[in-house]
Each structure stands twice: as C-alpha cells, then as structure tokens.
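First chain written, first letter: the chains are A, B, C, D, E and F, and each begins at residue 1.
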Amino acid sequence: MAEFTHFNESGRARMVDVSAKAPTERVATAQAKVYLQPETLEKIQRGKIAKGDVLAVAQVAGVMGAKKTPELIPMCHPIFLSAIDISFKEEPQPDRDGRCSITVTATAKTSGQTGVEMEAMTAVSVAALTIYDMCKAIDRAMSFSDVWLVSKAGGKSGTYTR
Amino acid sequence: MAEFTHFNESGRARMVDVSAKAPTERVATAQAKVYLQPETLEKIQRGKIAKGDVLAVAQVAGVMGAKKTPELIPMCHPIFLSAIDISFKEEPQPDRDGRCSITVTATAKTSGQTGVEMEAMTAVSVAALTIYDMCKAIDRAMSFSDVWLVSKAGGKSGTYTR
Amino acid sequence: MAEFTHFNESGRARMVDVSAKAPTERVATAQAKVYLQPETLEKIQRGKIAKGDVLAVAQVAGVMGAKKTPELIPMCHPIFLSAIDISFKEEPQPDRDGRCSITVTATAKTSGQTGVEMEAMTAVSVAALTIYDMCKAIDRAMSFSDVWLVSKAGGKSGTYTR
Amino acid sequence: MAEFTHFNESGRARMVDVSAKAPTERVATAQAKVYLQPETLEKIQRGKIAKGDVLAVAQVAGVMGAKKTPELIPMCHPIFLSAIDISFKEEPQPDRDGRCSITVTATAKTSGQTGVEMEAMTAVSVAALTIYDMCKAIDRAMSFSDVWLVSKAGGKSGTYTR
Amino acid sequence: MAEFTHFNESGRARMVDVSAKAPTERVATAQAKVYLQPETLEKIQRGKIAKGDVLAVAQVAGVMGAKKTPELIPMCHPIFLSAIDISFKEEPQPDRDGRCSITVTATAKTSGQTGVEMEAMTAVSVAALTIYDMCKAIDRAMSFSDVWLVSKAGGKSGTYTR
Amino acid sequence: MAEFTHFNESGRARMVDVSAKAPTERVATAQAKVYLQPETLEKIQRGKIAKGDVLAVAQVAGVMGAKKTPELIPMCHPIFLSAIDISFKEEPQPDRDGRCSITVTATAKTSGQTGVEMEAMTAVSVAALTIYDMCKAIDRAMSFSDVWLVSKAGGKSGTYTR
C-alpha cells in the first residue's frame, strides 16, 4: 500500500510536484445523492416549469464550484478545466424510509499533469449543498450521501471505475 | 407546506430580503461521515503523530471553506461568522461492509439576521472532500455520506434537532 | 462641488473611513440595457421554456457578482448585503437600428454605514456580461449600455432618483 | 443560425467542452464609454497630476477584474491570461447632452483553447464601475454605455472586427 | 503566559468564538520596510510624475489585500472593515549597506468583536510584495523587513504601542 | 539599467505580454524570518506534539496563499503552479536582542511563460502572517523580516542566487 504523497519528509503538507508528469487528457465523473421528502421533490419538479427552478441554480453553483476546487482543497493544483457538465436524475418513487432522491452527476475534463477527480467531487458537493439551501426552509431534514468517484481516465494511474 | 422563498414572483432566484429580521444569536451544527478502508484510517491515525496529519489539513480546509459559503452557495447572504469549530470522531471498528469511518462535525455561530446552517454544512463537506483528496492515491473508493444538519438554534424558525 | 473622498492627503487612494457614520437602512436600484438581434432574443425566450434558460444563468451570476463587489471595486467596503433581486424586461419590438433589448434591473439592500449603489451596479453589469457570454457564439455584436443608478435611499446623502 | 452551445441536451447550462480544440494565439479588444459631467472629467484630469489619480485605480481594478472573469461569468473557462492592457481616452468636448466621456479600451491575450473576449469585456466593465465608484459622490448620474467587443482574432471562428 | 486560543481541546485549530464579546471601535497600524537599490528608488520617484507610478499600484493592492485577510489567514474572522489607509515614506539616503528604503504604513479600522491587526499586517505585506513585483526585473535582491504591529486600540486587550 | 516593464507607454500599469516567450521549467525559492520570544517558540514546539500545531496551520495557509498570488499582486499572471513546498527551521538560541526565530522557506515550480518568484514570496509572507496571527495573543511584538528571493532558475533571465 502506497504512502501518502501529500506530505514532505518533515511530515508537512505540500502540493505534490507534478512537473515531471506528461500532460494527458483526463476525465473524471463523480456523484452525490440528495435525499428529500416526496413533497419537496414534487415542488422542485413543478418549479422547473413555472415557479423557480432549484436545479438550474444548483447547476450553475456546481459549475462555478468546480472552478473553485483549488481554492477550497488545500493541496489541489490550479488547472485549466476544459469542460464541466452536471446532470440530475430524479427518483420520485420513495424508498423504504419514505424519502425520494435526486442523483447529481458531474463530469470534468482537463488536459494536463493532474487529474480532475476533485473538480468532479467538488461540483456535485456544491450542487447538493445548493439544493439543500434552496429547500431547507421547507425540508430541514434533507441530506446527501454517496458522494464518490464514479470513474476516471487518463494519467499514470489509468482508468478506474467504481 | 411553505413555498420556496428563494424565488421572486417571476420565478427567478433571489437572495431573500432579511432586512426586516431582528438580529439574534444563531448556532448550527452539521455532520458528514467519511467511509474508508481500515488501512487508510490506520495510516491517518499513525500520521497524526509523525508522518503527516491529514485531519489537520482537513480542519483548516473546513474552517476556510465555511468562510467561503456565500461565494459557493448562490443565494446565501454574506455574514459575520463569529465562530467555527470542527471535530473528527474516528470509528476504527469496520462496519458490515468492511469500511471504517470518520465523522466530521462542525459548529458555526453568528449574531445576525440569517442562520449559519449552510456554513456548518459547507465546512463538513469541504473537510470531507479534503480527506478524500489527501488519501485518494491510496483509497480511491472512499466516499462520504450522511451530510446533514444535526441541530440549529436562534432565528424565527427556532430550535431544530434532527 | 465636493472633492474626491477616495484619496488621502498624499493623493493616494484609500477606503473612506465610515466608522463615524450611523448605520441606516439603505437600498439602491441600478439598470443595464443589453442590445441584441431579434433572432437572439427570440432564442432566449424560446429557451426559457425548453432548451436552456440564458436569463436563469444571468440571474445567478448577477446575484453572485453583487456579493463580489468589494473584491472587484478597490475602494468599496465589505458589507452585509441583506437582499439582492434582479429582474429582466424584454423588448421584442426592434428599435430604429433593428435591435431588440433586455433591460436588467437589480435592487440591493443593506443595513449599515455604507450604501449599496456599487452592489446594484455590479449585479447588472455581471448579469449583462453573462448574457453576452451565453449568446456571443450566435451574436457577437451584442452590447450593453445605459448602466446607471436608477435610485437610492438611506444614508447621509439621502434619496436620489435619476 | 447556430444553437446555444452553453446548454446540454437537458437544457441545463454547462461549460462547453473545448478539449478537442487546438490551442491557438488569441487576442480580443473591448471597450466601454463612461459619461460624466464636464466638471467631473476636469477633476479627474487635474487629479492625475496632483490630487489622486482615479484612472490609475480604475486601471488596476480592470486588470485584476480580467483575471476574475472565470469566477464571475459562470460558463467561462479558467485560462492562462498572457497579457492584459487597458487605456483611457478622454473626450473633454461635451456632447449635445452636455456630457463628456472617457472611453476605456482593454486588450487581452492568451494562448489556448478558448478566447479572451470575456476577459476584455470584464476588464472594461470593472474599470468603468471603478470610475463610477470613485466619482459617484460628486456626480451620481454618471453612466456607462457601448460596452462591446471591438475585435478578436484567433480560434476557429477567426477574426472579427465590429 | 496565556495559552494559544486558536486551538480546541483536541489540539485542532478553530476560529475563536467571539460571539460573547462586546463590539467596540478598533484600530490597528502596521508597517513594513522595503529595501532597494538607490537607482530603484530613484526610478520609483521619477515614475510618480511621469512614467508609471509603482506606489499607486502597491496602494491599491494593499487596500484590496486587507479585504482578503480572512481568505488568507485561516483563523481570521470575516469582518466589516470600516476604513483602510496606506502611506509610503521614502528614505533616499542609503544606509551603511548602501540600500535605500520605503516604509509602508497601514491603518485599519472596524467596529466589531474582533481586532484589525491582521488586516493592517496583511495590507503592508501585500503592498510590499507588489513593490517587489513591479521592480524585480531591475532589482531582484530587493527585500522587506520589520513587518510588525505599530499600535492598536480597542477591544478587551486594550491599547498597545510598540 | 532596464526600465520598468509593468507600465505601458501612457505610464499606466499593465500585465506584461508574455505570449511570445517560450514555456520553460521554472523554480523559485523565497524565505521569511519570524522573530518571537523564546517562550513563544517553546510553546509552538510543544504544540507540535500535543496541544495544537501552529506550523501545520501556517503550512496550509502558505500553500493556499501561493495559489492566490495572481489575485493579490495586481500585475501577476495566473499560472499553473506545478508544485509548492514549505519548510520551517527553528532557531531556539536567542539572538543578542533576546529573540528566537523561525525561518520559513518556500519553493514553487511551474512550467510556463512566467516565473514563480511571486508565488514563493507570497507563500512565505502568508505563512509568516499566519504564525503571527496564531501567536499574537501571547506575543504581540512578534515581527518578520528578511523576506527575499533565495534563488530562481528558468526563463530568459536565467539562474539567480542571492
């Protein structure tokens, strides 16, 4: 099992030196799953048509959040993000706990020396937080879970699929 | 059930007008639960002593992330955050899926016209993302879940405990 | 006619000292007018229903831009912005130059020692820039004009209406 | 007439994928025109020598604003900006409405997969907003207009001159 | 001698809870001293008149840097900064090492629950770094020293003068 | 002696055009020296083990500060920073003024058209400011000095060692 790469020999955090890495095309996809009351999901879906589109705001927040990744995650490199796209999949059928869900999926791309896993992970987290913010006045118990990397490709460590 | 407050009468997002609200003391606590391999948790715990403290980096990231909340969440008000504290509780006993966990808890305070739920939620999310970033080279399947509001107090809507 | 207040006695820029001012309720409204081809406006209006809502993105950008005012305008004070709302009024009837228009109006509020004129002005500018960005691939000659303060109230200089 | 490129097939905003584009040298020039009272322009011109240089502050704000473009305009790519220069041309002769003007022109350059139109447009807008901020205490009716792209070169869509 | 206040009982950094503190008027002054070659200082002084004013850029950078303090210094509270002013004092007489100097002094004010020492310290540091950046092509050995708090007033710990 | 390059022919600041420069590997090292009371240094050293690690926070702040360089220093180019590492060397032997010291050293790397001197200089400054912030309650007279470029390599001006 490899050692942490984010620490120098004094045991202090550093931004890993990637200057010797070859630039390659990289892509990463992450997801988060927002749990909410059936009535809340219904309102979100009605709002898309007429009264205020929660997911449109979350989409913009997620895209802008992806660009903020190196400001938020201390040891992340600043990168040229060449694409970020976010989609939402609503599950209107309540689960056994009576909760509906919205799965947020984000795909980020770059051409460079570091991957874009954190950009995709940050995008879905910020989109999920924004959904929570927009709906918290009517459903304070909302939560999100299963924030994970779905897949990645490019770079020395190659392709990964969860 | 109340209407979304974050939209104006044209159905467009707005930052809610809180100018008529009385300033009160407000506090909010949120959590996130990071799932990881037992070997990864072990390395994090060994690192605290000698080789690089992942959680110290996540702690700083979470505190700084809380301050970035109004930049990340589109309809959040800028606020004077009067306190933010983060703690980690490690569960070294693997669950039935063989995963260990670290529960991140953040408490935010302010005195003002809006609450600090989003600051606490953002703090735990950024701390969890940072743990993922620091460890992803050795445990790419790490994830985080159960990001929710634990409790809040202050403001018109009063006290809430999950 | 008064002197510039944003310079100290050495003729160097400073952030004006407002510590002796009484906090008051303040509100400001600004506007910008985006000129575009009739076909572009038509696409924006069709998109609102089905294919991608340009103005929803501009709205979020304007709200977030308002919060960035003290980062953008060097001598602006950081403030607690208690409300920001933006609206769009489309003029589908071409003017004598054959151009249609969208008027962006933003109203900002705060309770404090400085006004929110710049927050309203910045909000409409960023919203107009975003409309340009979203449509520039199909209408590169778009422009915006008449960025001005519509009205303000509160503070020592009192009420102003253009 | 082309379709909007900033939306995905669900009609949600995305950052356009430019990863397949060839990097080329790109340059863009934009302008904005600030209208002000003759007395205000006179003060600005006197200040350049002795009492406080409004345009020096606007220049710095415009350069820094250009660098903030991807933070302000939601679907803009982060880029390596290789040059940004701003100039001011004062028109002391009042127009038929009795207003003088300052034309702000900005030229941005990059070598990459996306253009710098928005960087140039943002630079002139932030410079114009800063001039307004510095002078608003003495000339609240100031405004700016004719914010547009003067020319661009480089990239697939080639050269454009207004 | 007091304990560090910036750590919680687990020894992890936190933003100190100031919610119980009474808001008071606070002011702080800090300084930094930039050392440079006599020829460099001469160029800076000539530039103020005609060829490009280094100190005007450093002034704007220092003011904007003060506003970024809570983004830079992890445990600093976001505050409403009510004033920031910066001045430069040039010493054209070379010291025994043959170096001239520019002393940068910044005074920050706020009314609130935390002090503005860090805002003043950050302002002078960013101004000094900017002078270095503007002149480094002609005087790479420039340095700055004696960055310290000159005085503060307000708050529980009262007045301090170095 | 060369002219300032950061000004255009009107004597106004600009971001120097580097588009014609060849991208090369660049590295820069800078330092700052923090002076503090022997008791303060002792507390910092004890804290590393058990009670709160001041230098761990300063390390993270320095790394994140390096990434903020183009936001802080007006004429700095945004860059892809490929590595940043920071180390601390403590001098527990008091000097003739009775002060101990911590020397902060930062090394930054990039592959591009501009150097990383300012990133290294900003990293040490922000780390030094953070040490001051964390300890100021117990040692308000702390200061830092000797902020300078230790060495650089790469780029047209070649290698420099102080």
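Here is the rule we go by: a contact is a pair of C-beta atoms (placed from the backbone, for glycine too) under 8 Å apart; a residue touches a chain by one contact, two chains touch by 3 or more.
If you're wondering where the values come from, they're calculated on a predicted model, not measured in any experiment.
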| item | value |
| --- | --- |
| Neighbouring chains common to chain D and chain E, by label | C, F |
| Equivalent interface positions on chain A and chain D, same or different at half | different |
| Centroid distance [mean C-alpha coordinates] between chain F and chain D, Å | 32 |
| Centroid distance [mean C-alpha coordinates] between chain F and chain C, Å | 37 |
| Per-residue multi-chain contacts in chain E, two or more chains | 12-13, 53, 56-57, 60-61, 64, 68, 71, 74-75, 78-80 |
| Chain contact topology (line, ring, star, complete or other) | other |
| Touching chain combinations (by label order) | A-B, A-C, A-D, A-F, B-C, B-E, B-F, C-D, C-E, D-E, D-F, E-F |
| Residues of chain A that touch chain F when the two form their complex | 8, 10, 12-19, 70-71, 74-75, 77-80, 112-113 |
| Residues of chain B touching chain E in the complex | 25, 55-56, 59-60, 63-64, 66-68, 78-88, 109-111 |
| Chain C to chain A touching residues, read off their complex | 53, 56-57, 60-61, 64 |
| Chain B-facing residues of chain A, complex | 1-7, 11-13, 39, 43, 47, 50-54, 56-57, 60-61, 64-65, 68, 71-76, 117-118, 121-122, 125-126, 128-130, 132-138, 140-149, 152, 157, 160, 162 |
